[in-house]
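First chain A sits with chain B, and in the next complex the same chain sits with chain C.
Our next item is the complex of A and B:
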């Protein structure tokens, strides 16, 4: 019983971090329909920026760093979209995929040049400590990650649902021609959407850097996991992303505790295959109206 | 059943490969006389990007520093040395393509090895097929030396098979009541660490240490909280971890979070990252952690301290055992070429099989498989320093910390 409870707690905390890491991908993939292969690299950029801020500013708390990394990542996202992704949209899915693929490959080299190849870790005092409730262990850093994940996902959902910007984003995504007719500057809104997606990587990266060592190639695992989570949750549904990420986290820890550690990394791939076979639209995927939005 | 014909075809294929290989080697060593002032080209491929890039950076420096020093001293056989170092991104196909290119397109005269068993396994096969001597600075997995190769030489004092030796000797030397009674084994699925950890388990079980946990994980694994929790529940006296890179820091941090500190803790590779490891797990928490090393900056074999000084001067950082390994590999090649007096792959291999070479990692000699005669040393973090504790004649301290103190915040 103790083992099951502990495993579930680890799973939910891990899943929350996954949700935070995948929220931006859910936005770009689900709303903009861009297979944003650079999202893993954006997360790691957020992590490295946190490392630099933390080490230069004399141990500034990584969670406080989020206030700085989020706008920085948003700016990077904006530049990336305007300079490299928008020009390739005319090429269709293949065009944006190639553009983000190229950036993804180049980014690894840039990380190595700027931050070097040795693993870097951000180590605030709470990075290695836990709250103990009897036998139950709740790591501080993971708990903070879960809280930040809830805040970020909640905020994203609220913006999309209740604000004028959110309505513009949804309109620009579902019917670009119609949106243009009612005066929405679609191209600008899309750039902003991409920038918001990148900005979440500022928060995600900050928490990742506290929990895992950063290396130039760490983006791979986060990208694979993120794509699987977005596919499982359903395109553009933040609730779906959150639930899918929790399922992922719990599945990974259950496999570790009850099956074998060796099989843990297979979980995302098994999930992708299962989703494609049984529920191609994901858990919360809406049946999108494609009749009017076809460009 | 393999027929006589298939066998004959296979023999014919091997003979053809050998003939072509020898012919190629012949071409490479061909031009004497007018070309004697031309540089000696030495090629290697390194995983300069990808998951073990942190290891190969110092390895690259080791090769570079050696070439610079040799050229400053008048070159090799009176000819300048020219290094061609390619990047393979830790990809087995790419490392094969790179060594093939070095041999057949760049027409290098000599080869040096790459890093990791994962890459040296296919790379050594390319060298062997082409009749080239292959001195590898890393890649101690047993299976590399069981391919029947005759031109392969390992430039560390011992292979991975010898990795548990010193630690097990130490456990054996303890009075019965101080020995660990139970042990947990966890390793990344890697051609180097997996057999090494298996070696620990076999030898310690033979000593009566009971196995209470035994798991492996894929290189993509990042989250270790659940695994650390499982280890805590198994409550072993001794924990042996076959770490490759940042997974070393990852597992230790998870052990700290679940609040489990084993009495004895042995970890491969990760603890020798003198800068990153203490930063990742907390400097005070390194106390008492064991690992095995081929070399440390405190090693006092002839030339070793000069190497440390020259390396620090050139790169502004202390060399690690990866830098010393590539430097040693180049020293070995240099010694053989100078002794033979020409670039003749057959004679170089023959000479290395028959002689002992003095390197900064100590004197080395090899059996017919290319396995060196010695063992790796046992090292331990003590008072914020990573020091050799066994064998005694190489030790930089007179005591061993055991049991390991608890994690401190």
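Our next item is the complex of A and C:
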């Protein structure tokens, strides 16, 4: 029983971080209708940037680093979208996805060239400490990560719900042509949306860098988690993404605790395949698969 | 057209010459470095050519193609190393395992299309890698399996792999040539262009995809088995590589997706380039630089040369040639070579005689809701065999929705549909096409990137293996296509791209496409909508010809004079139900009908402001 409770708590804490890590993917899918295969690489970039800031600025707290990594990643995202992704949109789903695929492959090489192949971790003072509540052990790092993730997600939700930008984004998502008619500059809104998605990866990456070691190829695991969560939640549904992230965090910790760590890596792939075959709309999505549109 | 046949005539000699050259190369010039490069290029070539069958012909882009290589390699390695079986058993088993994996991919496409399918292939590749790592009893996990040595003399050591792969590559290319030129290939292309429409002309899309995927998975599985022996070692990270998938995608896109020779050309560029960069950028950073380089090249191809080399060159040549010859425009119709009746005779297929029920179609109490709106609300009507019947009614009265229920493009919420006395309302769409229901669309849905001929060869009246294998450019299938296009008088445009025709011409071609199915019941959705009067007249003649040949025609149309002149029975729909039926004369003078068209409230359902 103690193990189960411990596992569930871990799962929820991890799940909150996963929710932040996959929110950008959900946003770019929901609004831009592209499956952004670079998202895992963006998260890792955020993590590496945090590592550099942390080591250059003499142990600056990674949570404080978020204030820097978020705008930096936003800029990177904006540049990426305008230079490489927007030009491929006319070519249809396949073209855009393959462009993100190409960036994803190239990014791994860049990581290795800049930060090397040895695993890097950001180690603030609380990285190895934990709180004990009776039998329950809650590591500080996980707890802080979860709290910060929820705060950032709350801020993102508020922007989408209450600001003019947020209304434009939602309008452009539900009907691009209509949004254009009422004076929304859809192409700029799209670039901003992609930038916001990348910015969430700046925050997510900073938190990840404390808990997981960074290697050039670790984007794969994060991309897989993100795709699994977004598919499970129903593509384009933010509430769905959040719930799916929590479920996913719990599922991963359950497999780690009761099966084996070596099988945990399989969880996202199994989820992606199972969801897309058996429940393509996911838990909350209105539209989970791409149908050949009728003219 | 002459350019096309010229190209075709050159294909086989060029292929034979290239094969001979590759076959003689090791005999005259036994250079291990060059042989290794050719071996690796041939493996990439097999992968690219087969990826093209899925991604280029059928339109399903895969990021997991290297999974077939890994599955083939592991099947062979496990059987040979762990169970001590001979090499040929391993290779045969690779055929089976890669076919099974391809079959699973094919089943996945029943539900997951487009981006969803791309995600599934990525996940499948990674999942297989995890399995190879974790099923240590079979695969020895991360330590891998060491293959036994094949005993050969030193100077011939690479020959078994070289000639094995050469044979495999030649067979694979011949297979794609056959696919591309067969009726089966025309079906795959139509799935790529518009999968739902493909089903409506009788193509059993799921079976087509399954066959295509299995055919394209098996050669890679065999290549995987050979590759395992060639490298001598099998381990998870070396075989289930997404970077290899990327090279495959890059090769196909670079050479030209959907072409026969593009993937080969791409592989012949990508693999030597990869080996060259291997040699030039060595050291610990070499791998990283290669990733950057290949990512950048792929991006450059997607952004700068999205069509690939071969289509780009072909377009240049065609443009040069077009300057010299006259274009195929100018003449709008040519009289059909055959009369409607004769043409329909050519198109006739064998089928069991239908039961001689008086009614070919009985629609009873159809119901369909879209959210809060009842598009069909207890709609019933009947269509007598051999008649020209019309469905009319104001916009939103449910005419097209009724068509969608009859041809199976949408599910009904309630009610029954009987065709020849048998219920068809739960049959899949292609099955209804096979039973003899053909349908045109309000806005034409031809396959725009295909030629008119390819559009006309695609329809399938019944599933027979022999029919799939028959060539699309000659023989019976082509004769049928010519008869159908002659019927609508557009024979000149047989090899033109369908998307380039005028709207009216596209309507006629779509009608011809449906007639290739040899349907008994032809559903025409606004045949006279948005086209010029000359074509409207031609359409009326064709409808009369269909009736004379004993077919039944059901028309949805807004053009009242057209309806009243060309039909013998008219059903009037309003607000999802039938409000009147009768001969054109009766309908013309029916006050209820006038009210439905001119009044501002739906009849009989009561007004609610």
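Criterion: the second predicted complex is superposed on the first by the 280 of 295 C-alpha atoms of A that agree within 3 Å, B and C clash if a C-alpha of one lies under 4 Å from a C-alpha of the other, contacts with A are read in each partner's own complex, and residues count from 1 in each chain.
Throughout what follows, contacts are C-beta pairs under 8 Å (C-beta built on N, C-alpha and C of every residue); 3 or more make two chains touch, one makes a residue touch a chain.
This one's a predicted model, so the numbers in the text were calculated from it and none came from an experiment.
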Combined model on chain A: chain C and chain B, fit or clash: clash
Partner chain(s) touched by A:128 [first = chain B, second = chain C, both, neither]: first
Partner chain(s) touched by A:277 [first = chain B, second = chain C, both, neither]: second
Partner chain(s) touched by A:6 [first = chain B, second = chain C, both, neither]: first
Partner chain in contact with A:120 - chain B first, chain C second, else both or neither: first
Which superposed partner A:87 touches (first chain B, second chain C, both, neither): second
Which superposed partner A:16 touches (first chain B, second chain C, both, neither): neither
Touching partner for A:139 - first (chain B), second (chain C), both, neither: first
Partner chain(s) touched by A:108 [first = chain B, second = chain C, both, neither]: both
First (chain B), second (chain C), both or neither touched by A:269: second
Overlap of the chain B and chain C footprints on chain A, listed as residue numbers: 108-109, 112, 117, 216, 220, 224, 262, 265-266
Residue ranges of chain B touching chain A (in the complex, touch as defined): 49-51, 53-54, 57, 186, 189, 215-218, 220-223, 225-227, 229-230, 233, 245-246, 249-250, 253, 256-259, 273, 275-276, 279-282, 407, 409
Chain A to chain B touching residues, read off their complex: 3, 6-7, 10-11, 13-14, 108-109, 112, 116-121, 123, 125, 127-130, 132, 137, 139, 142, 211-213, 215-218, 220-221, 224, 252-253, 256-257, 260-262, 264-266
Interface residues, chain A side, partner chain C - complex: 34-35, 37, 84, 87-88, 91, 93-95, 97-99, 101-113, 117, 216, 220, 224, 227-228, 231, 262-263, 265-266, 268-270, 272-273, 276-278, 280, 288-292, 294-295
In the complex with chain A, residue positions of chain C that touch it: 61, 63, 107-108, 111-116, 118-120, 122-124, 126-127, 130-131, 133-134, 194-196, 242-243, 246, 249, 253, 284-285, 287-296, 298-299, 302-303, 306, 443, 445
